[in-house]
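One structure is given below, represented as C-alpha cells, and several questions about it will come after.
Think of it as A, B and C in the order they're written, each chain with its own count starting at 1.
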Amino acid sequence: MNETSEKKYSLEIFPKEIEELKNTIKTASTKIMEEYIERMRKTWPDRPEEMQYFDEIAKFWGTREKEIVEAREEGKKVIGYTCMFAPIELILAAGAIPVRVSSGLYDPVKLGNRVVPVEVCPVVRSTIGVKMVGLSPYLELSDALITSLTCDGMTKLSEILSDYKPVWTLCPPRLKDSEQSISFWKEELKAVKEKIEKLTGTKITSSKLKSAIERLHRATRAFRRLQDLRKGNPVIMGRDAMLVNQTLMWDDVERWTQKTEKLCDELERRAQGKVWACPLKTPRVMIAGTPIIWPDNWKLPNLVEEANPQGVIVADELCSGDRFLYDPVGVDEWTMEDMFNAVADRYLLPSTCPCFTSEDGNEDRVNWIKARVEERRVDGVVYHVYRGCMLYAMEYMRIKKVLDKINVPVYYLDTDYTREDVGQIKTRVEAFLEMLKSRVEF
Amino acid sequence: MLLEIISELLKLTIFAGLALAGILAILIWKKNLTTKVTYLRTFVQVVAMIAFFYIFSYTTWLLLILVVIFAISIVLGRFFCGWLCPFGLYLDLVAVIRKTLNTRYWSLPEKLNRSLHILRYLLLVFFIVLPFMLGPIEAWQWSLAKFLMGPFKPISVLLGPVEPLIIPWESPLKLYGLSFSYPYASIITFYSGENFALINTFIFMALTLASSFVVRRFWCRFCPTGASLAIVNRFRVFKWIPFLRLSKVEEKCTKCGICKRVCPVQVTDVYEQKGGDITTSMCMLCLRCVEMCPYEDCLKLSMAGKTLFKSRNWLEPSKIT
Amino acid sequence: MIVAGLDMGVQNVKVAIIKDGEPISYGLVPSGFEPEKAAEQAFKQALEKAEIAFSDIEHVAVTGVGVELAPRVDSKLSIISADAKAAVYLYPSVRTVIDVGAEESRVINCSEKGTVLDFTLNERCAAGAGAFLEAMARALEMKIEDMGMLSLKAAGTVSISATCVIFGESDVVSLIHKQEPKHEIARAIYDALAERITSMVHRVGLKPDVVLVGGVAKDVGFAAALKRKLETEIIIPKNPEFAGALGAALYALENAGGKLK
C-alpha cells in the first residue's frame, strides 16, 4: 500500500497525539499485564515454573516482539490474521511467521469510536484503535493481513485495515456442508496461497507443506494434551491454561510445543501425586461465546477464578481458546492436492463459529458444547457476549435450550471493553457461582 | 501323486512368502503409524487372496463360494469387499503405486457416485434375475437367457472379482505352463470370440486398473457382487440382521470432514448422518474413516454390541502397539 | 440466638434481625455518600426497635453491591441467593422471585429449599429498574407515591418505550405535549417497566407462585401493571424492601448453626 493512496475510512491523527496515546496506553497495559500475571500467581500459589515461559511470551512488548523484529531483518515475512480461518499451515510452509492481530486492549476502543459507532463489537473497535496509533507490535510488524469475512464487524474491519496494510480476504461460506461451498472455500484458500507465495517468494512445495502440517500436528498434540488434562480433577487453573492457548497466537510454534509438552509433563506428575490446583468441590465452569483476548480482556476469567465462592474454568468454547488448535489436519495421502484439501477442510468444516448456519441450526456448535460439558464434567456455563456481537448473542437461546435439557445452568453475561463494569459483573458471576456451588454440594 | 501335492504346496508357500515380503517392504518403507489398520487390512487381503486361489484349485463347487460370501455378507455386511476380495487388493495396490508416484486421485461428484451405486443393482438384476424371467416365455428368448446365464458354466459373474490370478483350468494366457487370469477374465473369455478373448481381457484389465489409478477403487463403486448386503441394508425391516455395525456418537463428531475425504468409495453417510448406526450399503467397512477420525470414541465398529475398533486421538502414539 | 442480615443496596441500606429463629425488627437508612455510616444507622434503628445491643449479635451476613463497605462481615452471599432464601422462607410455595430494586432488577427461579435454580438480571441499563420510575415521576412533576394510585384510574390508551431512561423521558414529554391525561401517561410508564420485567421473567421461565420484592414492590401502580402483563397472581410481602436483608439474616442463622422457629 503506498502512502499516497486515498484512505477509505481512517481518520488523521496528529503525530504528537499518536505518540502520547501510544505511550499512555502502553504503560497502562504493561502494568495491567503484570498485575494480571501476579494475580494468577496469587490464586494458584504453587503455579509450576514452566508457566514462566508463557508469562514472558504473554508480555506484549517484550521478547517475542524483539524476536520477530530480528527475524524480519533476516528477510522473514510476518503474516497477521484476524480469525482462526487463516491457514497457518500454508503460512508456515512458506516460511513466514503467523501472528493473530485481533486486539484485546481496552483503551484503544475510544479511538476506534472515532471511526465506527459504539454499537460495533469492541474487538473490532479496539483493533481499529490499535492500528490508528500503531500500538500492537504484531499488527505493526505484519507484512500482510489475512482477514476472514465471518461476522459483519470482521468484514468491515478488513476494509478499514486495508487503509494501512495489504489485506487478503477469506470468505467462508455461510453453509458448510454442500459440495459447492467446499469448492468455493478451496478456491478462496488457493488465492490466498498464491498471495502468500508471492509475498514470501517461496513456492509452497509438497515437502514444505508436509513439514508444516507435521509441525502443527505436534503442536495440536501438545494442545490437546493440555486440554485433556483439564478433564479430571483440576491440575491447572483455567486462566493459566487459557494463557497458554493465547500465547500460541504469536509464539514460535515449535518452541511453544516443546514448552507446552514440558508443562503437561509437570501437570501429569501433579495429577499422579494428587496435587490439585484448587479444592475438588470448586464449581467447574465453562466459558462459551465471544473470544476473550489477552492482555486487557482478562476480566471474566479473573472474576470467575477470584470470586467468592471460587470457580475454576475447565473448558471454553472460544476461538481464542480451546477451539484454536483442537482439530488436526487429517491427510489421507501426502500428495500436494490431498494435503491442500485436508488443510481446507480443517479450517472450514470443524469450525463452530456462529457465522455458520445449517438446516439443523448450527448443530455443530451445540454438539461441541455438549461434548465438552460431558467430557469436562462442567457444572455451569457462562455465556460471554460483547455488546455488538450479534451472532453470539442471538445464538444464546439455542444453546440455553440445549443446556437446560441436560440440566446444566447457563448464565448470559454481556460486557464491553471497559473496566468500569467489573463491580456489576462481579455480583452476577458470584451469584452464579453460589448457585453452582449449592448444586455441587447438593 | 505325492510329488504333485508337494509341488502344489511349494507353489503356495512361495506365493505366500512373496506376498508377505511385499507387504513387509511397504510397511518398512512407509512408516506411518496412523495407517495401522490399513496394513492389517492389506495383510488379511493377501491371505484371503491365497485362500481363494486354494479354494479355486481344489473345489469344483464354485457356486458354493458365492453362497458362502452372501451368507457372510448378511451378517458381516460388505466386510467381504473391504477385507477379503482379491480384486479389491489389486485395486488397492494400484493406489499404492499411485502414492509412490506422488500423484493425486480424483473424486467423483457425489451424485454420480450415488448413481453408480444404483447401477450395481441393475447389473445384479441383469445377470441373475433377467435370464430366469425371460426364460419360460418364448423359445428364442430361452436361448438369450442361456446366453446371459452362460457365466454359470465356468463361474458366475458374481464370482468374477474372486477369480485368482492363476487358475487351475485353461485360459487364453499361458506362461510357463500356468494359466494366468484376471478377475472377470473367464466371463470375458466366454463372451468373446475365440481370437478376441485375450485382447478383451487386456482391455478390461487396462480399464479397471487405469480407472482405479485415477479414482480410488472405481470398480467397487458399482461391482454387482457388492450388492449382496446392500440389499439387506436397503430396507429398514432387515436393519437388525447384520451385526457388524459402524456407529457414530453425535456429540463427539465435529463434522471435520476427514471421514468423508479419506473414504475410498466416497461414502458420505458417515459424515452426513447425525449419529447412531451409520452402516450403509455403499460402505465396505474398510475402516479407513475410523482409523483417521481424530476424536476419541467418536466412530466405532461393533459386532453384536461389542466394540471391535474405535477412533482415537491419533496424534498420540498408540498405547496398544 | 441473635443474628443479623445486612443488605448494602444502591439506594438504601437495610438491616434485618432474627432472634430465636424469628425476624423481630428491621432498619432502613438511605445509603447517601457514606454507606458505612448509613449501615451503622440502620443497625441502630433496628437494634433500638428490638432493644438489643450490637455486641449481642452473633453473626452478620452481608449482601448487596456495597459488601466491602459493611461495618462488620461474618459471611457474604449474593443478593440473588438472599432474595431466594427470604422468599421461600416467607412463602414456601414460591418458585419465582421478582426483585425490582433501585438500579437493578432480578428474576430468580428457586427450589423448595430456597436454592437458586436460574436467574437473570436487567441489562446494563437503569431502564429496567426503579430509577426509571423516579425519572418519569420527575418528568410528570409528581411524587412517585402518588403516581401509582393515579395510574390505577387509567384505561391504557397510550404507551411509551422503555429502552432507555432518557428516551423514555422524551416519550413522556411528547405525550404531555399531546395533552394526554396524566393518569394515562402514568399507566404507560408502569406498563413499559412491567414489559421489561416480563421479558426477563420469560427468559428464566414463569413458575408459580410468583413473589414480588424490592423497593418498587410497594408501588401499587407497578404491581398492578406487572399482574396484567404476567397474567398471573403475584404475592407481595408486607415489607418487600427488606427481602435481601432478611435472606442474609437467614443465611447468618444457618452459618451460626441456629434453627428456624
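The rule is simple: a residue touches a chain if its C-beta (ideal position, glycine included) is under 8 Å from a C-beta of that chain, and two chains touch if they have at least 3 such contacts.
Quantities reported herein were computed from a predicted structural model and do not represent experimental measurements.
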Number of steps on the shortest touching-chain route linking subunit B and subunit C: 2
Label of the chain whose CA centroid is most distant from the centroid of subunit B: C
Most heavily contacting chain pair (counted by C-beta pairs in contact): A-B
Distance between the centres, which are taken as Cα means, of subunit C and subunit B, whole angstrom: 74
Separation of mean Cα positions, subunit B and subunit A [Å, integer]: 46
Gap in Å, rounded to a whole number, between the CA centres of subunit C and subunit A: 40
For subunit A, residues that touch 2 or more chains besides their own: none
Residues of subunit A touching subunit B in the complex: 176-177, 179, 182, 206, 217-218, 220-221, 224-225, 327-328, 330, 332-338, 341-342, 345-346, 348-350, 352, 360, 363-364, 367-368, 370-371, 374
Subunit C-touching residues of subunit A, taken from the complex the two chains share: 308, 409, 411-412, 414, 421, 423-424, 427-428, 430-432, 434-435, 438-439, 442
Residues of subunit B that touch subunit A when the two form their complex: 99, 102-105, 109-110, 250-258, 261-262, 272, 274, 288, 292-294, 313-316
Subunit A-facing residues of subunit C, complex: 65, 76-81, 104, 115-121, 123-124
